[in-house]
Amino acid sequence: MATLAQLIDDLVTANRILATQGIVDSFGHVSIRHPDNPKRYLLSRSRAPERVETGDIMEFTLEGDPVDAKGRKPYLERFIHGAAYEMRPDVMSVIHNHSPGVIPYGVTGRKMRPIMHMCATIGYEVPIWDQRTRFGDTDLLVTSMAMGRDLAKKLGKGRTALMRGHGAVVVGHELRATVYTAVYLELNAKLQMQAEAMGRVKFLSKGETAKVAETTSPANINRAWENWCRKADRPYREQ
Amino acid sequence: MATLAQLIDDLVTANRILATQGIVDSFGHVSIRHPDNPKRYLLSRSRAPERVETGDIMEFTLEGDPVDAKGRKPYLERFIHGAAYEMRPDVMSVIHNHSPGVIPYGVTGRKMRPIMHMCATIGYEVPIWDQRTRFGDTDLLVTSMAMGRDLAKKLGKGRTALMRGHGAVVVGHELRATVYTAVYLELNAKLQMQAEAMGRVKFLSKGETAKVAETTSPANINRAWENWCRKADRPYREQ
Amino acid sequence: MATLAQLIDDLVTANRILATQGIVDSFGHVSIRHPDNPKRYLLSRSRAPERVETGDIMEFTLEGDPVDAKGRKPYLERFIHGAAYEMRPDVMSVIHNHSPGVIPYGVTGRKMRPIMHMCATIGYEVPIWDQRTRFGDTDLLVTSMAMGRDLAKKLGKGRTALMRGHGAVVVGHELRATVYTAVYLELNAKLQMQAEAMGRVKFLSKGETAKVAETTSPANINRAWENWCRKADRPYREQ
Amino acid sequence: MATLAQLIDDLVTANRILATQGIVDSFGHVSIRHPDNPKRYLLSRSRAPERVETGDIMEFTLEGDPVDAKGRKPYLERFIHGAAYEMRPDVMSVIHNHSPGVIPYGVTGRKMRPIMHMCATIGYEVPIWDQRTRFGDTDLLVTSMAMGRDLAKKLGKGRTALMRGHGAVVVGHELRATVYTAVYLELNAKLQMQAEAMGRVKFLSKGETAKVAETTSPANINRAWENWCRKADRPYREQ
């Protein structure tokens, strides 16, 4: 079993990987549920993911209150994380990002579906959440538990949801698998865009999607994680 | 309050950031209004932004005359800057660039509008200026105050304007916010292009655009600025 | 004649080149037929190509059994390699990859054809294999000799085949030529996509395709190989 | 006046710049007319441009015979250079490349025209040469003076021509200006593709094209050249 220090180290690594893989720019964030207390989660202070260090990781209650802020300023949108952990006991990690490929789907209503086996963990169809439907004209930021819960509801039992004019949320049963899904959600976005411009697309069937998701093993994910660690200049920890 | 030396240092950093973020190539420029004299502005000598150093920063009157050239050759298009400062007392920084995404909008007349919250500071709709309308066949460079003023008029009260067959101008109330707008203007261009090829786009509403622009705080902009400084190998100064 | 150690060194280099040229991400693999025993092939243990080192190279029977695993875990999809070597005595090297450009062709059924002389070695028309046709809903991985043989049959006498919702397989008479074909298959994919969106494309004729393939000399391929070695931080061995 | 050694040094730099700017990959070449003998030109031996060093530069007669090969192997397609120098006494530098943007124009017959001021030196309209028209099914390489002359004829008095299914040729009155045109030919290709997918394009008028080409001064070109030198890790020589 990994220690808390190792998990925090992995969380810092996840921040750096998401940046070097182009899934976040100076904005976006990734959290894990606290391994010892399911009513808490761990998330960096408000900082660009590529700059995040161990001392930036803060602990929050599910409602988004910092347990011991020590003067550190939290992300305004931390409620995305807390609401997902609250609604989904199976979720152990949450990513919020604005990777470029997902934006056109959110604003056109075009449904994203898995175009290749690497992308099957995004789910058979990615739902789209529009903050405006329930909250009217806002600054589009998820700045309250009410908003976070509305978004979590759209996520349902899935792993991904798009946010109109904003980005996406990705959840998973552990950190590395969640990063993996976020990386391949972006790839799926780019490839689907090109393929649909070329003709009618044969997406993965429901059966194929389920089978790939089942057989996406920790060994597979770690093959990518090792590679991403080196590219992000971070040590690789076997798991 | 930042000293003049610090502001000049930030201006050098802005040049390097615009280059590393792909907003300028070997051409394009960024200026600030002189902090002690609103009738002057500071701008590099004629040099690729990625190469600009402290000693390259020159002082100009709003009409574009160098205050003390010391043999340094100014940019031919400095009038874009002077005319914007002259017409808009609120403007403290000006960027002129040819980032690839904006060109197709200028030449097709397609109106650019904010597609996601990060891009709201570009304004609800970006106007397009065609030098040819008033000046006929030219080399498309803004080489006189008359041309600079005509362009500034098109800018109106906004923060951005496109220039047909040439590029864009971006203005702001301070340097870092102006760089931020230029970076996300380019992102908006790329994403809008893809989204409009996919279907009808739900852009940010007028209300959303205004709300995001209001809540885009210095803290937000500095989160990006810190990250961009590191990527451009420049020291980060908190502000 | 190259020694076995040199060929293994080249195989490691091929892994690194395929990664730095964007032909594989953390997944995909490249093998060579054993120079001394045509019933064996050499392939890395299950690892991201950019991380592969000499000690990772394993020997397999054509059926995919490791000759001396020494605790190393093989790729699940090694049957792609064995089946191609089994069916095609002329094949000395096999690559399996998911480079982004090829995916849209596999899922839309759009036929890929050589658009420029550099890409002629892909063959006059690239066939598409759909695992689902014979094997129904699977996780899309080629995890048995039966699947590998079905794919090899689709390859026929050619050098390339696409796999629907998965990627591609590329074969050749020697390692460097096979890497060359894989690199230019990806370029062809990107350029054909753009060209076909612009209008009717004049592809290479059958005669042109054959002539270019004939005159693609080892000297030509080594010109690229030398350059790719340096970009991948690997020593270049003249051949 | 630059010495021969300085010009050869610049030619090596041009090779490296064309590679780092993405205008050539492992293939393509750049030459200059010999400064002391208009019936000779200087061109690297057959090697990837990014790897070219001083000792690789060879001297050729206009017919393509090496003056003193010293065992070095020349490019097969050197006739592109000789034929351009022969037909056009004003031409002092020639580039042959396959940058990705130009390919779709050559194979669809879509005419490339300058979309922005930076790209005006490509000329008002770029002609397309198809080797097949006169030479039938070939390997598409320009391997004789007859082919080189046919291509040079298509170039006419212009600076650029596309080659169907192959690439482009760019000529100029001096080396740095020719590199500049090759870089912005590629940018024009990419931007025109995107713009024409969005709507009717207002290209530069004939008058604008001529005016920009006139006022593209050595100072302008050197601004880019200084920047490109640093990016290619080459010393910058003022000119």
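By written order: A, B, C and D. Residues from 1 in each chain.
Please note the rule applied: a contact is a pair of C-beta atoms (placed from the backbone, for glycine too) under 8 Å apart; a residue touches a chain by one contact, two chains touch by 3 or more.
Here the structure is a predicted model, which means the values were calculated and not measured.
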Where chain A and chain D overlap in contact partners, by chain label: B, C
Centroid comparison with chain B (C-alpha atoms), farthest chain: C
Interface residue overlap between copies chain A and chain C, same or different (over half shared): different
Rotational angle, Cα trace of chain C fitted to chain D, multiple of 5°: 90
Euclidean distance of C-alpha centroids - chain A vs chain B, Å: 33
Between chain B and chain C, centroid-to-centroid distance (C-alpha), Å: 46
Residues of chain A engaged with two or more neighbouring chains: 197
Pairs of chains in contact (touch as defined earlier), listed by label: A-B, A-C, B-D, C-D
Of chain A, residues touching chain B in the complex: 25-27, 46-48, 50-51, 73, 98, 100, 103-105, 107-110, 130, 132, 136-141, 164-167, 193, 196-197
Chain D partner contacts - residues on chain C that touch it in the complex: 115-118, 187, 190-191, 194-195, 197-205, 207-208, 211-212, 214-215, 219, 223-224, 226-228, 230-231
